[in-house]
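Per-chain residue numbering starts at 1, and chain names A, B, C and D are given in the order in which the chains are listed.
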Amino acid sequence: MEFRSDNNAGTSPVILDAVVACNAGPAASYGNDPIMDRVRDRIRTLFEAPDAEVALVATGTAANALALATFCPPWGAIYAFEAAHAEMDECGAPEFFTGGAKIRLVPGQDGKITPEALAAKIGETGQGDVHSVQRGMVTLTNITEAGTVYSAEEVAALAGVAKRFGLPVHLDGARFANAIVATGATPAEMTWKAGVDVLSFGGTKNGCMGVEAVVIFDPARAWELALRRKRAGHLFSKHRYLSAQMGAYLDGGLWLTLARHANDMAAQLEAGLRTLPEVTFASPRGANMQFVTMPRRLHQRAMEAGANYYLMPHGTPLDGDPDERVLCRLVTSWATTEAEVDGLIEALRA
Amino acid sequence: MEFRSDNNAGTSPVILDAVVACNAGPAASYGNDPIMDRVRDRIRTLFEAPDAEVALVATGTAANALALATFCPPWGAIYAFEAAHAEMDECGAPEFFTGGAKIRLVPGQDGKITPEALAAKIGETGQGDVHSVQRGMVTLTNITEAGTVYSAEEVAALAGVAKRFGLPVHLDGARFANAIVATGATPAEMTWKAGVDVLSFGGTKNGCMGVEAVVIFDPARAWELALRRKRAGHLFSKHRYLSAQMGAYLDGGLWLTLARHANDMAAQLEAGLRTLPEVTFASPRGANMQFVTMPRRLHQRAMEAGANYYLMPHGTPLDGDPDERVLCRLVTSWATTEAEVDGLIEALRA
Amino acid sequence: MEFRSDNNAGTSPVILDAVVACNAGPAASYGNDPIMDRVRDRIRTLFEAPDAEVALVATGTAANALALATFCPPWGAIYAFEAAHAEMDECGAPEFFTGGAKIRLVPGQDGKITPEALAAKIGETGQGDVHSVQRGMVTLTNITEAGTVYSAEEVAALAGVAKRFGLPVHLDGARFANAIVATGATPAEMTWKAGVDVLSFGGTKNGCMGVEAVVIFDPARAWELALRRKRAGHLFSKHRYLSAQMGAYLDGGLWLTLARHANDMAAQLEAGLRTLPEVTFASPRGANMQFVTMPRRLHQRAMEAGANYYLMPHGTPLDGDPDERVLCRLVTSWATTEAEVDGLIEALRA
Amino acid sequence: MEFRSDNNAGTSPVILDAVVACNAGPAASYGNDPIMDRVRDRIRTLFEAPDAEVALVATGTAANALALATFCPPWGAIYAFEAAHAEMDECGAPEFFTGGAKIRLVPGQDGKITPEALAAKIGETGQGDVHSVQRGMVTLTNITEAGTVYSAEEVAALAGVAKRFGLPVHLDGARFANAIVATGATPAEMTWKAGVDVLSFGGTKNGCMGVEAVVIFDPARAWELALRRKRAGHLFSKHRYLSAQMGAYLDGGLWLTLARHANDMAAQLEAGLRTLPEVTFASPRGANMQFVTMPRRLHQRAMEAGANYYLMPHGTPLDGDPDERVLCRLVTSWATTEAEVDGLIEALRA
């Protein structure tokens, strides 16, 4: 009963097979392997963006930080949701990669910010005043840190605010596939058609071993991104193993199949949780991650039954007042089984 | 007939099997997987260093740059061979990771520097003079960029110079295994017993998919290294795949077996090359990489016969005066076959 | 009727005389001038800190950013009031100098934060969690950005929170003299006795041409500070002109005399403003800077009469609804005259 | 008998008077003072560059590092003479300000590099190869670190090499005035007409208290420079004092008058030294700095007679073999007197 994170799941057998299959014989290194050429083409087709450039890296932090550094100068403000991954969970990677840009936090509800709040925060920054950092760029996360989902229209509205101020937009898509499945938007609609300039297109959480694609829709920035990737130690010598993962991930829509399964398991879990009177949803579920509160008593029972998930914030103790409500994060993945979902609901109901 | 780089070879089947084997079921993320615990223990045993700390990353540039940044302040001078990988081939990664340290180049022969040259260069830096960068650290590469090998005694002599100036020592061991096989030194003799403080222990070039271990012999620096790794986007979420590679690499001495094969193939290649009167060694071969000059005519013949290797410097044209001597870099790997070696010699001899 | 900023005032004649006086003949450069020796001694005496080290720079931004960078690692969080100068008015200098530390904003009232709010914000940061930036340091401003003043006891309470978390404390004392005069605390009581580790001791705003002293109470950090100062281009070659300013500033308590005058003029201005029924204080005045609201009508009258001060936020238009209340910042300096104060009150009353 | 450095001289009385004169009354801060408007105009006229932008800072290190950072990306190589000030005497400021650019050293004679050597070094850098830093910019120093002078034609030849590679050119003109006097070139001929993109126009060494102008000939870069200056703490609040210095420095050609005196005194000193058979010139004198060798005996005599200058490298001991030749750096300034020159010659001759 594994609900800690989609990071804890293994690799889809299809992707693993592709990694094994690419192993035979020598291959050109540093991204010059022929699989990468096909990956690039496929991403261009998928995103209906024939000029897009693609750089593969192995971690989401690298993808995000490289994307931000390529678009935001050291004296820029990066506007992000107040609990954005880039702010909370990357140990300052955006500041490191950008050379000291400043993240300005936008308040929001259920992991989402509104165009009004974004415009207000951007407007506060003293553009043209040399004493202030300057307006740099906007970063959004979809699905959000609270497990909710922005529709393509919502992304477009937020990106529209950025464009009004002349700012580029980054989309942290560590769980991009789950958002696409949840909304039914096309990849193009969710990104460049909505005004997104650069995407972290996640693979790792959704069944890859470790690969994320930075997709830039303006190829003029590609060389700078390439240099930043190398300089940060993120250009793989045996790059074929990244290419092979991403190739298999895209092939036949596997990325959507995997995400659909994860979202479906989450929906089934939600349905079960909603039958439990002591469980309350902290935010509406959008895709494969959900946050609920319950009495510690229930939580202890689930743990004893072998369930595995995180209390929030990290470090919340297992022991304590059995009636106190604790906040639980439950994440499903491509590998979650119906038995796990049923098992958790039963354990909580018991 | 693949002699471009050990980066072009695939992954040893044993290591690939381990990657596949570790895939079943969920695993703790971010380095908390149980395989990593075993890897740490094994490295401590192998290096006879019970307090050593180990951080896995996926690229050599990351390993080197993180090691340097953990030991050298932004105002420090890093003393390196004038053609060191850190200077020539990392797009400024050491400067980026350290926050602007300065690499000071030490001249040498055949890829190696002498204690005298190192001492002279360190001595030049105006320690205690606020106008000058300060003496920071020493970085060595073994096997060297010219394919030669430092003996453990030579490393100790160079590290001794560093110690005399109170400086820490980094060893870039992208091909550490080849150096160990070539010298017969133990890992401990080649590192901390010789005065090395931090090692980039390479796996990728020697049969892994993409894994390098940063080994720190003073555990007091481990937390800073961990933070720097995360902040640079080099902490893998599905870390088990790094652990599994490194585990299999160490298991039963596979790392030595693979390197021994590469070195043996290189020796066989050298023996063949020495029978060719028109081929001259540019530097003595130490392990699995060798540099020879030959008339372009011979080189063209080898290319036509299907050989694959690099002319140096990169960009040297295939066409040109057929009698002009060109400099060829020939690298063997765990995957090189006798047939490839024989094939190249035959092609050159024809 | 100059009330824009103490930055707009000139230099006290006494200090200017000292600059002129130090000009004769050659002097040792880069801080080795004999005046600097006397300045260092005097600051040690004044602060009852015989081991304190002192580095002079010419701007407050440099003093603050160097102080922060010397005490906070790149992965550290700097806790600051949400409208702190370091956050709002230094174009990201702290991020630049530290190599990408992250300022975490503490909410407050009237420019001041409470120990509870500070403790809460520090507590939120995931110390020991590699995904999070780590707790770095605390920076306070006194007098505050809202013109209020922390007592030495309040500073001690806030620094006590920092110490509880093991964090160093910086005091941005751009208007330190005004705070000392306002509170009656000794320099020692306001700094190291309260738990402050490093002080930006301002001179520029209080009658100098351009000099600030970074005062470090732990001399072990002095060499790093010296290197950072040089590396940032803030070590003056003809350093005597900084020394001479600071020497004259300290001599005979001139720094307190100048600040007392500024505070007295502010008190007189406050007294006048309080007689005007349409003027309301936005925050209590503590020293030489005050914030009041008034109908735009009154403000326009003052401008027409030749008064000079800023509306907040910057960019608030002069024209508009005459009854709308505008927020005015009024700063007095060592150079403010009673006539200016009276003139402003008369203009507003008319 | 002061010959240590032009940094040890005081401030020209004319400039000091201007500083005193600008003190009356309030003035707009942060570069918005009316004197700065006149300075900008005057520099544009002087350089025949109506679009040039000017930023004043207080130190040469700041001027150089800001100029480099504005034109060179973090992954760029900066080509500099192997003993350039930027390499040897700024504690890594260029690396800090640029975010980790790499200085690549060009060998030379007598402080000067040749177009051939420059082209060779630029050519070595693997442009377009992602593993290598990229060609960034060229920095020249005039007068050079060896006291020699580049003619405008020589600067143009070197800048021509840079242009051929598409690179911008910086001129470190800490002693620009001395070079202009020595060569008779106009400021325009020595800079933009020769291909220089950005100049550090020195004032401090030539009679100012502490002011350097960064002159950018392409105004499109001015805003980035302004932000970098602020962010580095180099924007003065009471900026009028920088403006007043630079204004007086330019007024009536004072900058040339002061430099001419320094050069004349150096010529007179050279003439005297050439009469001493035991003194040998290490490099030809070009302006106001000269390097000679002499037996330690002579040097000791000069010291005993009250002369003051530096042995090179710094730290060469006063005591030692009296016949050993020591290398002496002798710098004259606007303040050097004939009596000092005569005194030194007499002391050496005695």
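Operating definition for what follows: a contact is a pair of C-beta atoms (placed from the backbone, for glycine too) under 8 Å apart; a residue touches a chain by one contact, two chains touch by 3 or more.
Just so we're clear, the structure is a prediction, and the values are computed from it rather than from any experiment.
Novice: Going only through chains that touch each other, what is the minimum step count from subunit B to subunit D?
Specialist: 1
Novice: Which chains lie in contact with each of subunit A and subunit D?
Specialist: Chains in contact with subunit A as well as subunit D: B, C.
Novice: If I average the CA coordinates per chain, which chain comes out farthest from subunit D?
Specialist: Greatest centre separation from subunit D goes to chain A.
Novice: Report the inter-chain centroid distance for subunit A and subunit C in whole angstrom, where each centroid is the mean of the CA atoms.
Specialist: 42
Novice: Taking each chain's centre as its mean C-alpha position, how far apart are subunit A and subunit B in Å?
Specialist: Distance between chain centres, rounded to whole Å: 34 Å.
Novice: Could you please state the distance in Å, as a whole number, between where the Cα atoms of subunit B are centred and where those of subunit C are centred?
Specialist: Using C-alpha averages as centres, the distance is 51 Å.
Novice: Of all the residues in subunit B, which ones touch at least 2 other chains?
Specialist: Where subunit B meets two or more other chains at a single residue, that happens at 30, 74-75, 90-92, 96, 99, 130-131, 227, 230-231, 235.
Novice: Once bound in the complex, which stretches of subunit A touch subunit D?
Specialist: Answer in residue numbers: 30, 73-75, 99, 130-131, 134, 224, 226-228, 230-231, 235.
Novice: List the residues on subunit A that touch subunit C in their complex, please.
Specialist: Spelled out, the residues of subunit A in touch with subunit C are 74-75, 88-92, 95-96, 98-103, 105, 126, 129-133, 314-315.
Novice: Using the touch rule from the top, collect the residues of subunit C that touch subunit D in their complex.
Specialist: It is residues 2, 4-5, 7-11, 13, 16, 19-20, 22-30, 57-63, 65-66, 90-93, 96-97, 204-205, 209-210, 227, 230-238, 240-241, 308, 335 of subunit C that touch subunit D.
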